[in-house]
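Both of the next two complexes hold subunit A, though its partner changes from subunit B to subunit C.
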Partner chain A sequence: MIETGAVARKRTFWQELRPQALATNSVLLAAVVFLILFMIWTYYLPGGLNAFQIKDLLNLAQALAFASFGATLVLIVGGFDLSVAGLISLVNVLVATQMPSSAGLAFSFAVLLVALGLVVGLINGCLVSFLRLESIATTLATFIILSGLALVLLAAPGGTVPPSFYEPVTGIIGGTIPVALVVLVLLVIIWLVIKRTRFGVNLFAIGADEDAATMNGVRTRAVKVWAFGVAGAMYALAGLSLSAATSTGNPNAGTPFLLTTFAAVALGGTSFAGGKGSAIGSIIGALVLAIIPKVLFVLGIASFSTGLFQGLVMIAAVLLGVATAKLGRKEES
Partner chain B sequence: MSGSAQADAKGAGSKEVPERRRKGISQVTLVYLIVLALIPLSRLISPAFPSTDQVENILVLGSFLAIVAFGQGLVILTGGIDLSVAAIITASAVFMSAITGAMGNSALVGVLLTLGVGILIGLFNGIGVAYLKIPPFIMTLATGVMATSILLGQTNGSPSGASPPVLRELFGTGRIFGIPITIFFFAALVFVGWLIQSRTTYGQRLYAVGNGEIVARISGLPVKQLITSVYVVSGLCCAIAGIMLLGFTAGANLSIGNDYLLPSIAAVVVGGTAIKGGTGRYLGTVAGVLLLTTVSTDISAMQLSEGWKQIVYGAIVLAALVLSRERPEGGSRTNIFARLRARKREEDMDEGHGDVSKGAAGPGQSAASQNEHRRSISQ
Partner chain C sequence: MKKLLFTALLVVIPVALLVGCGGQGAANNGGGDNGEGKKKIFIALSYSGNLWQDEAANLAMAIAKTPPYDKEVIVEKQIAGTDVQAQISQYQSMIAAGADAIVSFPVSPTGLNQTIKQGCEQGVKFFMYDATVTEPCAWNVSYITAGTADEPNKPYFGANTAQWLADELGGKGKIFMNRGVAGNSVDQTHYDTAKAVFDKYPDIEIVAEYYGMWDASTSQKETAKALAANPEVDGVWSELGESGVLKAFLAANRPLVPITGENANSFRLALADPKMQEQGLTGVSSGSPPMQAGYAVKLAMKVLKEGDESVPKNVEVPLPWVTAEDVKICEGDKFENGCNTFPEGKVPDDFVTEVFQEDLLPESSLNAALKGEPTPGATIQPLPEPLEMPADRLSVTRGAEG
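Showing the complex of A and B:
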């Protein structure tokens, strides 16, 4: 590329869509992949597209969007958080077995669960940043403990989610706008706000160079603890959306999220080495992963191969990330 | 450039391997002592304990975990992690029962083909991690999910294979001098595992890779081949465990390997191996295996659910992490962030001037590697 430095970043929208530019913008690339899959899906969809099918897709994507939003925060500060799967299972089981059926109490209970997620995340964060334990090993341990708790509370799939909770959450406003769409837009706005706050800037600073950030007066440990904390709250929200979408409990409900969360994050171009990433990319990645089973279904491919495709997409996304990073660096130099 | 490489070499080399290993011994001894104390203490849980049956049970059940944990330990030694072990164990058991049952092959052919399957899956992992530079955690997770997905498709969700009589005899009912044959396998495995990891050049090279890939590469070690090999060994170990489990349980099912993923990592961590690689010994892992299996039999005897077992496992891992942390570890530089940064730096170097081992300073030095250079000087 001839463009250099700051000039390269000031491309117009249409310039962004040229092949060379697209290869260095993973968020836009993920969006293009989603649009292509979306078009294939709607083309083969019997009876054409309607608001209910979009609602169905977004309800599925919503849980993953929350989970990958949280995972993105931790990855940006340079950590790994495997507790996502355990927390989703635990929240799902708690909703299916303990949630009160009256609407007001149900939503208070949901708020309580988000607080639980925050606390679990803060504990993870304290273990990682104050005791300086390895984040993979630590969150693996909390993942085992949380899924153990889920199993103790509910040994086999079962339980029911009160309709007073899942109906408003998975519904359609005024027959046209799915609630999940509003939630996803809100998530994008939350990310845009976080990115501009001191907390958001510090996240990237720590991920890029923790020592430099410390020397520049960033309270590294506190920021890391809060990154894990907010991530925990997001995983609890993911567990709540999953419970609303499936309306039943399963002590292993979170396990598939171990792969799909990090696949969505990788698709969205967040680096596994820290310092770089975007929750918007992760949300689009979640949409891609949610639409894959639907596309496979309308194309008549057996449902068991969903895992095969998700695995391949994940590897492809990471490889693309590596290639993109190299291209990006070449462009800047 | 070369200055930066030296700084990195110093940074990675300052971990002082012998000293760390000495510390490892004390943690390993501690775990063995806990196991020895736990077995008589089992009396508190059940009046039938302690008994020779209990010890026999621990050794038989532990042997399956011990072999999976050997492969997992080598992977972790190089700084990786293998999350596909459960899928490979299940795939091997199902494959073995299918190929000897429905297809009517002899047990020996079945064993050889099954080991081949394990090696192939491991190779796939290894190539992804070593050559394509995909993070181990991601690569092995994806491999595991894909293998499970293929298995589900091939068996339509319900495999109906029995175990060949030879396996049933070897790992299920067979006894020599009144001792289950599996226990002799366990003893042999501990010896071979210790030999490979601590007394061969191959083992020593893995420590070198785990302590710093750049140093290992500059020293002329075939780092990529070594990293690939540990995933192959892990795949092979899982295939062996799958075959043994098939004989033990007398039939394959799709959840046969599920109980081995987290315990295999837990056993390695409890045994004093740091998850960031470069330290740890197989005898430590065996101690971890015995501890987890003892706790597991106690929990089963208390009639507590599977969930409690997981909670206790998780607590043991956390305790092991905290305990091994309290020994001075060479300051704050040993956390995962430092390791990931070191890896990033290495990538920059790869790009900036090709093969470091040749010491060739390429003319097209990128801005990134200049920054790295400056940073490494300032440290």
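Showing the complex of A and C:
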């Protein structure tokens, strides 16, 4: 429960790793799951681990990490944002069809797309908080509109992403540090900062009890609008990351994210009921989902079980979430 | 305390499972690199649970296990899922595992290029069946641009079936178009080449156009809606899902019309059924043959044995073409007397019949397509010279820069 800031009991490192402590710290639990999977993967990996394999893994996980970071913000304030898949498709298609090929212009264009994501998110936020529309219904509509736009812009997979954009983004610095690793570390830092700002504190307050937050002077509507806005910017970043990883456009590119985003979030222990969660957990959740197929592959497990296994890990994570909540309550009382 | 125990179990069980599997996996891996100098081939599917995909993969597996290949290669099948990143990850794992060849149904024509290129640089041979990729180092084995065996110079499934329908309708009438999956490059090629034909006939009016998702039940639902909205319809151009189109006509009690579609077994049976013909059904069964996957394995083996130059990079598979009079029921499970359809009840309605091909895949059998087991007694037969795709069709499969 460290993410709520309510329980600030100090534990030593080893105490944190005791089963009971693990059960109450879902982020740490997700991290332990990832570490176990990572160790199995590297143990059986033919030829052993090298920086390029880590780069490949992180490049695969990065788009999902951005997407689930965004979704986490909305879930914490008690909303549900399906526009993630539509925005990723649209950004991917825009990159593949419109991005200028010179490096400077390409990155300016990328910034423009993040701004577009922000605007779409703010619109979602306004519809949800000012018109008091149901967030699932509203963002489902946005998802459909954005996917339709993507199909209008690019009827079938195609287009190209300029190498001046995808090469630096998916590359490896000095042959040792993958760019994607730097990005993930930055994301973690961004979350730690957000959490400590008034905006971050208010996110949790609204998600836990909106009326109480209002009575305490939190401008709930504005905070919610911005939660959706920042989430939109994150989805645009996910679209950019996906475009770099696949170096092509696909009007349906975002569709798989409709499921995997929330799977990653659930794995990271963020509550779908609002008020509790951590973007770091979601990032680790994204890493877990990216590494599962690789682990199953090196173990020689029949591949049709990938989905089954991902599902089982998810159910286990959700059950753990439930158990965590109950245990947490017991501990506090 | 109970809850604590429960939680602990939740943690322990998956870990135990993993460790258990780890032991097994180690054994498998050990068996894989058994030092007998066997080549390693991976069959890389995108998704499963669709008869076409399963039959294709089964045929690929069956061929790889047919003597003498069974002594020469280790073959493993993997299913990635429908998203590009999953298949990128799949290819990466196969390359890292020391694949000699990857025979695959690619989920994207362009999204896998970076990964394929990396693999090629490490000496992996990529063979794509049915769907194609634009990366030039990969081999494409596909019917997508092909003409029929009799008329190889008339390309494209879409154009051929549209021309047949236009001729059947005497160049005028109201038609439906049942497309595949929106935003898919194969669907786009079929549609564009068909539309180009229909556009030449000012009296042919496309009154409804919808996406049947290459699925019989979706096609039936969408066709039923189109029928309700259009009291008059003279013909249907359809991609995979044609059996659903026919069912929608029957369910709505509407007179049957000419229908062009792909290779569902029940559709072929209907075409040859005198009762259906009396109600007005004519049509042609064409489109994607699952045997391509088995053929791709044979070509991959040829390259592994005889070198890159032995197989052209762009191989065409002839377009199947079966009208009512061409329907021939198979008596047994093997290819005999040019048979191309199975009797009712022997296979599922939507079984895709094109699992045989006399010249390219004589090793096939029904069991090979249904279960992935080699045909008893069959041995790999020599291949005729592969049909190379004409240069003017490359823009479709290899893109602008191809």
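In this text, the second predicted complex is superposed on the first by the 320 of 333 C-alpha atoms of A that agree within 3 Å, B and C clash if a C-alpha of one lies under 4 Å from a C-alpha of the other, contacts with A are read in each partner's own complex, and residues count from 1 in each chain.
Rule of thumb we're sticking to: a residue touches a chain if its C-beta (ideal position, glycine included) is under 8 Å from a C-beta of that chain, and two chains touch if they have at least 3 such contacts.
The structure presented is a predicted model; accordingly, all values stated were derived computationally and were not measured.
Participant: Put subunit B and subunit C onto subunit A via the superposition and say whether they clash or fit.
Facilitator: clash
Participant: Give one of first, second, both or neither to describe whether A:I136 is in contact with subunit B, with subunit C, with both, or with none.
Facilitator: first
Participant: Of the two partner chains, subunit B (first) and subunit C (second), which one does A:G79 touch, if any: first, second, both, or neither?
Facilitator: A:G79 contacts subunit B only, not subunit C.
Participant: Would you check which partner chain A:D56 touches, where first means subunit B only, second means subunit C only, and both and neither mean what they say?
Facilitator: The answer is second: A:D56 touches subunit C but not subunit B.
Participant: Looking at the overlay, what does A:I40 touch: subunit B (first), subunit C (second), both, or neither?
Facilitator: second
Participant: Let me test your reading of the model: by the given contact rule, A:F297 touches which partner, first (subunit B), second (subunit C), both or neither?
Facilitator: Touch partner of A:F297: subunit C, not subunit B.
Participant: After lining up the shared chain so the two structures overlap, which partner does A:L319 touch, if you call subunit B first and subunit C second: first, second, both or neither?
Facilitator: After superposition on chain A, A:L319 lies in contact with both partners, subunit B and subunit C.
Participant: Looking at A:I173 after the superposition, I want to know if it touches subunit B, subunit C, both of them or none. Which is it: first, second, both, neither?
Facilitator: Touch partners of A:I173: none, neither subunit B nor subunit C.
Participant: Applying the touch criterion given at the start, work out whether A:T248 contacts subunit B, subunit C, both or neither, answering first, second, both or neither.
Facilitator: After superposition on chain A, A:T248 lies in contact with subunit C alone.
Participant: Which partner does A:A155 reach: the first (subunit B), the second (subunit C), both, or neither?
Facilitator: both
Participant: Could you tell me which stretches of subunit A are touched by subunit B in one complex and by subunit C in the other?
Facilitator: Subunit A residues touching both partners: 151, 155, 251, 304, 306-307, 312, 319, 326, 330.
Participant: Would you pull the subunit C residues touching subunit A in the complex into a rising list?
Facilitator: 3-4, 6-8, 10-11, 14-15, 18, 21-22, 24-26, 28-29, 32, 48, 76-86, 88-90, 92-94, 96-98, 108-114, 182-185, 187-188, 399
Participant: Which stretch or stretches of subunit A touch subunit B in the complex?
Facilitator: Subunit A residues touching subunit B: 78-80, 127, 131-138, 140-145, 147-153, 155, 209-212, 251, 258-259, 262-263, 266, 272-274, 302, 304-308, 310-312, 314-315, 318-319, 322, 326, 329-330, 332-333.
Participant: What part of subunit A is in contact with subunit C in the complex they form?
Facilitator: Within the complex, subunit A touches subunit C at residues 19-20, 22-23, 29, 33, 36-37, 40, 43-47, 53, 56, 60, 63, 151, 154-160, 242, 245-253, 255-256, 290, 293-295, 297-301, 303-304, 306-307, 312-313, 316, 319-320, 323-324, 326-327, 330.
Participant: Tell me, which parts of subunit B touch subunit A in their complex?
Facilitator: 81, 128, 132-135, 137-139, 141-143, 145-146, 148-150, 152-153, 157, 262, 265-266, 269, 274-276, 305-315, 317-318, 321-322, 325, 332, 335-337, 340-341, 343-344, 351, 366-368, 375, 379
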